[in-house]
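In structure tokens below, several structures.
Look for chain A in each of the two complexes below; its partner is chain B in the first and chain C in the second.
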Partner chain A sequence: MKRARLSLLLLWPGLVTLSLTVVPVLLLLRISLAPQDPSAPWGTGVSSEAYASLLAADSLRSLGRSLELALSVALISLGAGFPLAYCITRMRRRVQVLWLVFLLATLTLSDVLIAFSWQVLLSKRIGLSKLLVALGLMDQPDSLAPSVGGVIGCLVYLVIPFTVLTLYPSLSQLDRGLIEAARTLGAPAWRSFTSVVIPLTRVPAVIAFVLSAVLTLGSFVPPLALGRPEHWPMSVLIGNAALAGHNLPRASAMSVLLLLVTALLAWGAAQTLRRRAA
Partner chain B sequence: MSIGLEVRQLSKHYGAQRVVSDVSLSVPNGEFVCFLGPSGCGKTTLLRMIAGLEVPSAGRILMNHQDITDTPVHQRNFAMVFQALALFPFLNVEENIAYSLRFRTINAQQRHEMVRDLLALIRLPDIGQRRIDQLSGGQRQRVAIARALAQEPMLFLLDEPLSALDAKLRDHMQVELRQLQQKLHITTVLVTHDQREAMSLADTLVVMADGRIQQIGSPTQIYRQPANRFVASFIGRSNLIDAQVEDRWRVNVGRASIGPLSVPRDLPAGAGVTLAVRPEDVRVLTAGDTTPNCLPGRVTFVRDVGNEIELRIDCDGREIIAATSPAAWAALSSTIHGVGSIGVLLPPESCHLLSS
Partner chain C sequence: MTRALRGTFLALLALFLSAPLIVVTGVSFNGNARMNFPPQHVSVIWYGNFFSDAGWRSAFTLSLVIAALSSLVALSIALPLAYAVWRHGSRAARALQALARISFLLPSVVVSIVFLVFWSAIGHAGHIEDTILSHAVVFVTLPLTTIGLGFQSIDPALIDAARTLGARDSEVLRTVIRPILLPYAICGLVFVFILSLNEYIIAYMVAGFEVETLPIKVFNNLRMGFTPTMCVGAVLFMLLGVLGFGVIALIGDLPKLLGGRSQGNG
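Now for the complex of A and B:
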């Protein structure tokens, strides 16, 4: 009895979080089943109209773009974040702390601010293209945004701190003795990395990958600010449907779909980890 | 026997801190050598330099007359067993043992046979499919040895590999390791701080302290003829007794004259020397005895450790430890009852002179 009361006392943040998740999701589900009626955005009655609209080509295309964007951003940030995290763990303690503080500091910037900074960075008149021309890599200054590359670049910048901070603990606790053992057993340096470091950090790497993908799936401002409408992933369509189109049921239905995709991604990752561990 | 490993004037320092200073030694092929010394004496750093895991600050390392100082670790073909074993937790036993075979051109059939033979060699034929965390300490130990041997190394290096095992298993593994080494006739270097382990395994001991070699020799040589005070006190128990040279054949301990001994020619009469005597060589007699080489003393402490009696004897302010058999002590204690005054005999043939 006492124990039960104590657990309840300790569990309250979890319970609050749970209710703050469950209630909106229930609302979302309810609204997604409402008929579209701009005069009554909260809906009355039941209709599968919103879900039927998801089968339209433009909805499916935007979902495809969402997945494409999420996977490429996750892949790039893992590909760049892993070596970065590995390098950081091999630096002196104080330099490590500085790097971690710097990465945490970038997280304090809002993604709106970052997206518009990237717009400036990729602009024709004062942006990166000037530098590329000066270096002789481009013939004349040109605007580098809106473009898919701009969207991906900005999103990678946004999620890479999460990748590094997810990988850092396990990489810093990596048993260097195992790498040395591999070396004495005849492994060249790069083979000791692929055959020892990668298997040892598989779990945090998959987690970092899923985390980046999920963060990208939910991104709104960067694709809106740096991409053309034909680049827009589902998250932007949700925002537009809800804010501009006053079509809450459709926005809700798309959100539910995105939620399912996210859950599927996490489930798939858990399955890979389980299969490899067995 | 041909020289296998040769180390010439090897040094390692980190900034101003000298970890290994000017070490030279050679290991004949097929021999078992132990680096022995207290922790922090540089023995592990020396081993790691030989393995290629540390870059020497100065000096050369040769294997079979070839200079390998600049050869990268993975090309040396030296096997190493680490103190923490460093078995790969994400691979099973078989995959651990076969790890080094990834870097050789070898087909699946040969690979399977090699792993099977190695598992038979370590007498664990049925554990190939087990995970590392399913093995006992002794099994892990053997798997680590098998993994190291799979690459058919030129040199077998072991860094305190048995220190994590309990005393009984360690004894057992020492015997097993020695038998394995003799069977394969593989040149082996083992690092340990445990002198009992070193004595029971090695053909040759290299005793180290403060980054320097103190003495190289067979276990018997090191035990019987320690080169200096450090070796005498580190290897087994030793009484180190201050003495003065009397003449070419005798030294004085207090008023007693001990001899015949062979006193080095360059030491004049009156020069200070140290007499090293093992407790088990010290003999105790009834007091008042006028036997030569005998000091009067009083027993201050008696410790019964079962197979022997350890006596602490005060001889005019010098403490001498004697180890005697329970029977001898029973006979003696009945004659001296209560008084505690006895004679301490230092047999000259068991005394070893160290210059102070």
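Now for the complex of A and C:
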């Protein structure tokens, strides 16, 4: 009776979840091993041609760029997001809620709209370059995109809210008594931050770092809209292979590769945490 | 951190986070079709343009419909699943819950290819229900979290009391659990609604040519060149986001929902 009720309860969630997570990933593996067929989404039979194409110089370079981009964006976001999250947890409740609403609103805003906003912001007619001229840092207004800097800036913008909200729970629950104890014992404010707060929040910090890196690995619009083709990471190549190139096997093989990189990042993070904890 | 240093840091980050939004909002109020900031000849003609253009209006409506339906589907998955975990603690339910959370954490381009492959394989790519179901599955982790928190916040003594007073399971569900859970479920709904509204790459992959949502339309226009009408779309979505999370902050305990300290002990 209880079993029957439980099965009934899990019928719909199980059906949808399994058919839209496990099944498609298996299909992805299968199609990455299919030949390309211009007249169909993919051909019949087995072929290693999609994986062979990953070894081409431009695929490898784009993977390198993906990793570079992911690590630099994750590092910058953690560097700025950690102190921001810390400051937010120390604010009065009302101000705190205001910041959280603001962060959630930017976090959920479409990456298309944000990339578009950055295009406008970095354009010649508007904003940033005029400001730089006024500050004497530039001679005359100029377009600041497409550029690597534009891509990184936009991605950091997209990722920071995730970093802050990943760190927020543990920083918010942090035992304030410990900080006060450090201060009472004569530690300056920065010292209580580096020797009490940072060690206690190592785990969420590593998680936030990996999450930011993975978010960057999967980003399609910002590098496409703000970078030149020579800046494109693997995610853009995946999207283009599927949409413009009609080569789903190649897109699938690259996706499998990015999944492996993601798994490797998560594994590496877990190892770091375990070693430090031991 | 000293007070002045902290203030400067916060102000700089607030500026960084709001600069693109301020610029886009400014441009949307321009009186002519050029990108000017601050706006020249302030006017709302582009807002009129947005709502009188059938293409923009239908993209906006389509986005709203998809967001509404996918949040309901996500809720229909999350509610029984979270209940099964809480009430029965079954291993199958736990495993399913872990599985349901994964796609949110994978690189989004990869997830979009995974869905494209699935809908193509069953010969059903290019329909609105693909977008709705795909969004529901990717974002189901949010109602799972909020509803999970809701169940945890139920005091077992309350349920015992109801049982002692002779309430049957269905009555406990209706009179004790439902009112406690309601705000958490609504928060989950709002989260999925706003995320689905703004989601681009998955919607584009599974049905982008047939089902043109607002982010897809903005992206397609991006390639053809600038129109201030795009800024209107961006402003509307910003407002919807702030409104949605504002509602959550009003009906729920936002810091607690995000895993921080709750009102009581904060």
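List of remarks:
Note that in this section the second predicted complex is superposed on the first by the 256 of 278 C-alpha atoms of A that agree within 3 Å, B and C clash if a C-alpha of one lies under 4 Å from a C-alpha of the other, contacts with A are read in each partner's own complex, and residues count from 1 in each chain.
The criterion applied here is as follows: a residue touches a chain if its C-beta (ideal position, glycine included) is under 8 Å from a C-beta of that chain, and two chains touch if they have at least 3 such contacts.
Everything quoted here is computed from the prediction, not taken from an experiment.
By the touch criterion defined above, A:Leu178 reaches chain B but does not reach chain C. Looking at the shared chain after the overlay, A:Leu75 reaches neither chain B nor chain C.
By the touch criterion stated above, A:Leu18 is placed in contact with chain C alone, chain B being left untouched. Once the two complexes are overlaid on the shared chain, A:Val133 sits clear of chain B and of chain C alike.
Between chain B and chain C, the partner in contact with more residues of chain A is C. By the touch criterion defined above, A:Thr89 reaches chain C but does not reach chain B. Of the two partner chains placed by the overlay, only chain B lies in contact with A:Leu200; chain C stays clear of it.
When the two structures are aligned on the shared chain, A:Leu67 is found in touch with neither chain B nor chain C.
Judged by the touch definition given at the top, the superposed model places A:Arg191 against chain B, while chain C stays out of reach. With both structures placed on the common chain, the touch criterion links A:Leu165 to chain C but leaves chain B unconnected. 189 are the residues of chain A that lie in the contact sets of both chain B and chain C, per the superposition on chain A. Within the complex formed with chain A, the chain C residues making contact are 1-2, 6, 9-10, 13-14, 16-21, 23-24, 27, 34-37, 73, 76-78, 80-81, 83-84, 88, 90, 92-93, 96, 99-100, 102-103, 105-118, 120-121, 133-134, 136-137, 140, 194-195, 197-201, 204-205, 208, 215-216, 218-219, 222, 226, 230-231, 233-234, 237-238, 241-242, 245-246, 249, 254-255, 258-261, 263, 266. Those residues of chain B that touch chain A in the shared complex are 51-53, 72-74, 76-80, 82, 84, 86-90, 99-100, 102-104, 147-148, 150-151, 157. Listing the residues of chain A that touch chain C in their complex gives 2, 6, 9-10, 12-14, 16-25, 27-28, 31, 41, 80, 83-84, 87, 89, 93, 96-97, 100-106, 108-121, 123, 125-127, 157, 160-161, 165, 168-169, 172-173, 189-190, 193, 211, 214-215, 217-221, 225, 235, 238-239, 242-243, 248, 251-252, 255, 258-259, 262.
Interface of chain A with chain B (complex): residues 175, 177-178, 180-189, 191, 195-196, 199-200, 202.
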